[in-house]
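Next come two complexes built around chain A: one with chain B, the other with chain C.
Right, the complex of A and B next:
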C-alpha cells in the first residue's frame, strides 16, 4: 500500500512539474545549417533583445528538414511553441485546419502592419480570408545562364519557347548539356511542368483548388506540359542520369560550364557564390509559349517561409511584438543583404542590399508580372505533393 | 618446415580482386581526407582533383562553427546510458525466457515481437506527451529511456538465443548443489554470457550512436544535441560547404574510431563468438 501511494504521489508531482516560465516566449525557427541563415537570425535576435529587453525568448533552432519533423511532432502532441517558423501552403494549412493557428487579422489591420506586406504574398499565408501567418521571403524561378559563356559562344537569350528549343539544339551540338537538372529530390523538375502549365493554361489553378474551388482543373494542358518535359528529356537536353543527381550536383555542372542553363529559384544567386573566375550570372524569364492561353508575363514565385503564432500562446501581445519586429523593414532589409533573397515587405528589397541581379528580378520581372503563381508542390496538402512530385520524377524519366 | 607456398594463377586472381576491392572501399575515405584540404571553390570546380594548396581552414571552420566536442560528449553519454540499460534488461529477460518456460511464455515472446514491429515514427507524438509529463523533454534521459525501450526487444532475442545454447544440465547441477536461483544466474550463467553481452552491447552502441530521429525531436537545447543532429548544421538547403562538412564528419568519426581500436580484440571476438567450438 505504502509503495502504491508513493508512486501515485510521485506521478502527481511529476505531472505538475512543468509550468511555463512567466514572461518567456518560446520561439522556434529553421534558420540553421547555412551561414547566411545563422547570421540573419543572430542579427535579428540580438537587435530584438536590445529593443525589447523585457521580453525573454526561449529559442529552439533546427535545420529545415529536421525542423519539419520536430515542429509537426510538437504541434500534434499539443505542445506548440508560442511563435514559430513554418512553411506556407499545405504545411501551414494543416495547422490552420486543426485550429492551432492564431488569426492575425486584427493585428495586421492596426498601425498599417498589414499594408507593409505585398498583397500577393499575404494571400499565400491566408485561408478563407484570414491571415494565419506573416510571409517572410519570396523565391521566384527563372532561367539562369553564364553571361561570359554565352558571349564567348555567341549564343543569345531566347524570348519564345521555340527559340529556347532551337538554342538547346545548338548548345547540344557543341557538346554542352543545354539544361542542368538534378531531380533526385523530385522538386526541380516540377518548375518545368508548372511554368509550361502557367503558359499554356494560366496561373492560379492549384491555389483556387486548395481554396475549395472544385471546378479548378489542370486540364488537357497538363498532359501537353508533361509531353513537353518528356520531349526535352528524350532529346537529351538534360544531363545523363538527372533523376539520380541532386540539385547541388547539377549546380556544379552549371557553374563549371558543363551545362549552359538552369531553371531554378533565386537561391541560385547564393549557390553561385563559389563559381570559378570569369563566371557571370545572368537570368532571363521563362519564354513565351505560342498560342498559350495563360498570361505570358506570369512568374512562378512563392513565399518560402512564414512566421505564425500558436492559438495556445499565453502572451499573444508579446508574440505579435516579436513578429512585427522580425518583419520590420530594418530587419527585412538585413535579411535581403545577408541571404540574397527577396522579401515580402514592401521596399525592403533595396538595390544596395539585393545586388544588381536580384534587384532587377524584383523591380522588373516580378513588378511587371501579371500574376505570381505559388509553387504547386508547397501549396498542395503534403499527401498530394508526394504524388505530384513522384509524377514529375517518373515523367521526364528515360534518363 | 611447412609446405612451400606456390604462386598459382588462382592466388594471383584472388589477390588482384582483393586489391581492387580494398581500393574501392578505401578510396572514399582517402577522397574525404584530401577533399577537406580544398576550398569550396576548388571543390565546386572539380570534385576529384587533388587540392592545389594545403589549407586547414575547413577543420577550423568545422571545429569553431559546430561545437562538435560537446555534441560528441552528448552522443557518448546517451550511447552509454541506453546501452547499459538495454543490455542489463535484455540479459535478465533473455535468461528468464530461455531457462524458465511457464505456459504463458510464448505470449510474452509474441508481445515482444509485436513491439518490434512498431515504427518509431508512430510513437513520436505519444512519447513527447509522456516525456513532457515526466519532465524529461530536452534531457539526456529523455532520449536514453525511449531508445532503450525500442532496442530492448531485439536485444532480448539476441540474449535468449545465446542462453538457449547452454546445456540445461549446467543449471540443474548448480540447483542440486543448493544454489539459489539468483546465484545460478549471477555465478553460473552471467560469466559465460559475457561474449554475448558484448555482442549485444556493440550492436546497441552502433544503433544509438547513429540514431537521428529521437535526439532531433526530443532535444531542443543546442548544448544537448548529439553528433548526427549537430552534423546537420553543416548541410544547407540549397548551398553546402562540402570541405567543411567533410572535415566535421571526419572529426565526428574520431570517437568511434578510438573506441574500435581500443576494443578491437573484443569486437572481433564477439563477432566470432560461438563460431568455433574449442
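Right, the complex of A and C next:
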C-alpha cells in the first residue's frame, strides 16, 4: 500500500516538473545567487506581469555556472525552454549549429527593435548574417587604478606602452606590485594577450576564427604579444604565484593598495564597492603601442549575456514580446542602475543609472573606439577556449 | 537448508523485497550511469548537437594524451602518499593514542577528526588563504622563522603546486583513518600485549609484531579506502588549484571535469571517466590480492 502511495507521489512530482502547459511560456535565466541579479529579474518580471497579464510565465532560475550545465542538458535532451538566457559566441553557436535557435531577423526588422541595439553588439550574437539572440549587457576591459594612491605617490597615468613599463618599474621600486593578476582560472591573463595582439595587429582576429575563415591566423604579432606578457612576468610586475591566485585574491591586493593597477573588466566597479576608506577608483585605456598596426583606439569589449528563443517554442509571438520587453530601454536602464554594467541598448546607459566612472567609459572610451573586439575565450568554441586559456598559463612562465 | 534456497520461501521473498529499494536505487543511479558512460565514450558529443559515432576513436586519443597519463601518474602518487601519510601514520597515531597515552586519546581523537567533519570545499578555501603568497600563514611562518628564501607562491608555481595539494589531502583525511584504527587497535586482546611484555617487548616490537598483524583486516580495508579515494580525488584539487598552473597538479577527475564541463567534449569526458573507473577497479583488486598474499590480516 505504502509503495503505491509513494508511486503516486512520485508521479505527481514528475508531472509538476514537466515543461509548461500550452499557453504558458517557459523562461530560463541565470539571474540568481547574487543580490543585484535577483533584484533586476524580480523588477523585470513584475513589470512584465503588469503590462502583459495574459502571458503566463513558467520561470526557472539557476546560478551562472550551474545554469550553463542545466541549459546544455536541456538542449541536448531536446526539451529546451521557450525563452532563455544564454552566453554569446561559442556557447550560443553550438545551439545554432544544432538548428535549435529561432532566427530573430524578421522580428528585429520590425518597429525599429533591431536599431535599438548597438550594431557591434548585435554582430556578436549573429552567425552568417542571422541574429539568433538579442544582446543584453556588454563588458569592456580597461586599466583600473586607485586615484588616491597615484596622487599620493605622484604617479601619472601612462598613455603609451613604454610609459606603462616605465611606471611599472617605478612602482616596483617602491615595493608595490605594479599589476594585480589572479590567473588561477586562466581568463584574467588573456586580456593582456588580446589587447597587445589588438594593438600590434588589429581587431577582428577572433571574428575570423569564429566565422571559420580558413585564412585566419594569429601570426607573428601573437608571438610578440606573448613575449611581451612573458617579459612582464619575468620582470616581476605581476604578483608572486599569480597563476595560483584567484581573481578575488588579486582584487584584495589591488583594493588594499598592495598592487597599483589591474587590467580587468567593467565588473571591477562592482568589485571595488567594498574598498577601504579613501580608495578612489579610476581607469585609463590600454596604452598605445609604438609601431603597432592595429587601430590604437580599439577596445576589448564583449557581450556578456543574451536572450534567445528556441526553434521548438510553440508560441513565438509571445516569446518575442517577452524579449522585446526585457530589452526595452526602461528595463535596460534599470539593469544599468542595479548592476552597474553597460547595456547594448542605445542610450539606456544613462549617467544617472551608471554612475560617473561607467558613464565615462560608455560615453567616451566605447563611443570613440574604432572597433569593439569580443573576448576570445567566450567567442570561440569551448574546446578552443580551453586550449587558449592554458596557453596563457604557460606563457607568463614561472612567476 | 534446501528450503531456504528456494525462491518460493516466504522469508526469502521478504528479504528480496527489503533489498529491492536499494537495488533499484543502485540500478538507477550507479549501474545505468556507468553503462551510459561506456556507451557515450564511443561518441563525440558537445552536449547540444547530435552525437557522432567514433568507435574506439576516443580511446585511441586517450592512449596518446600525455595530459591524461601525467594526471593518472599524479593519482598514483596521491595513492602512495595516502598509504604513507594517511594509513601508516594513522596507525602509528592510533597505537600511541590507545597504548601510550590512553588518558588523552579522546581529546586528541577529537582534534584529528575536526577536518573530517568540515566539508572539503571549506578546507580547500581555508588552505587557499594559508597558501596565499601575500597574506598567507605559510609564508608568514617562514618569514617569522627568518627563512625568507623559502617564501613562494605555493599554488601558483608548477614546481610546488602538486606537493602543496598533497599536504592538504593528508591533513584532511588523516583523522578518518586514525578513528578507524583506534577502534581496531582497541579490539586487540590485552592478554597478547601482556604476554609480549613478559617476554620483554618494547613499543616498537609490539607495534610491528602484534598490532599490525592483529589489525590486518582494518589495514587492508583502510588501504583500499585510501587508494580508491586517491584515484578518484577531486574536490580539494578543484578548489586549491583547479589542476593548474598549466596542468601541473592535474588529476584524472579534474581533467575529466574540464573536458566535460569546460570544453563540452562529453564523449571524451565519458571515455576518461570510464577508463578511470576500470583502472580504479583493477587497482583495488590488485591491492586486495597483494595484501591478502602478503599475509596482512589473518582470515579473509
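Assume the second predicted complex is superposed on the first by the 379 of 399 C-alpha atoms of A that agree within 3 Å, B and C clash if a C-alpha of one lies under 4 Å from a C-alpha of the other, contacts with A are read in each partner's own complex, and residues count from 1 in each chain.
Note that a contact is a pair of C-beta atoms (placed from the backbone, for glycine too) under 8 Å apart; a residue touches a chain by one contact, two chains touch by 3 or more.
Every value quoted in this text rests on a predicted model; they were computed, and no experiment measured them.
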| item | value |
| --- | --- |
| Superposition on chain A - do chain B and chain C clash or fit | clash |
| Partner chain in contact with A:252 - chain B first, chain C second, else both or neither | both |
| Partner chain(s) touched by A:109 [first = chain B, second = chain C, both, neither] | neither |
| Contacts of A:166 with chain B and chain C, given as first, second, both or neither | neither |
| First, second, both or neither for A:184, with chain B first and chain C second | second |
| Which superposed partner A:267 touches (first chain B, second chain C, both, neither) | first |
| Contacts of A:69 with chain B and chain C, given as first, second, both or neither | both |
| Touched partner set for A:49, first chain B, second chain C, both or neither | neither |
| Doubly contacted chain A residues - partners chain C and chain B | 69, 73, 76, 252 |
| Touching residues (chain side chain A, partner chain B) in the complex | 14-15, 17-18, 32-35, 37, 60-66, 69-70, 73-74, 76-79, 247-248, 252, 255-256, 265, 267-268, 270-271, 273-276 |
| Chain C-touching residues of chain A, taken from the complex the two chains share | 68-69, 72-73, 75-76, 94-95, 97-98, 100, 183-186, 239-246, 249, 252-253, 258, 382-383, 385-386, 390, 393-394, 398-399 |
| Parts of chain C lying in touch with chain A, wherever the complex brings them together | 45-50, 128, 131-135, 151-159, 161, 241-242, 244-247, 258-259, 261-265 |
| Residue ranges of chain B touching chain A (in the complex, touch as defined) | 40-41, 44-47, 124-126, 128-129, 132-135, 212-213, 216-217, 220-222, 229, 232-241 |
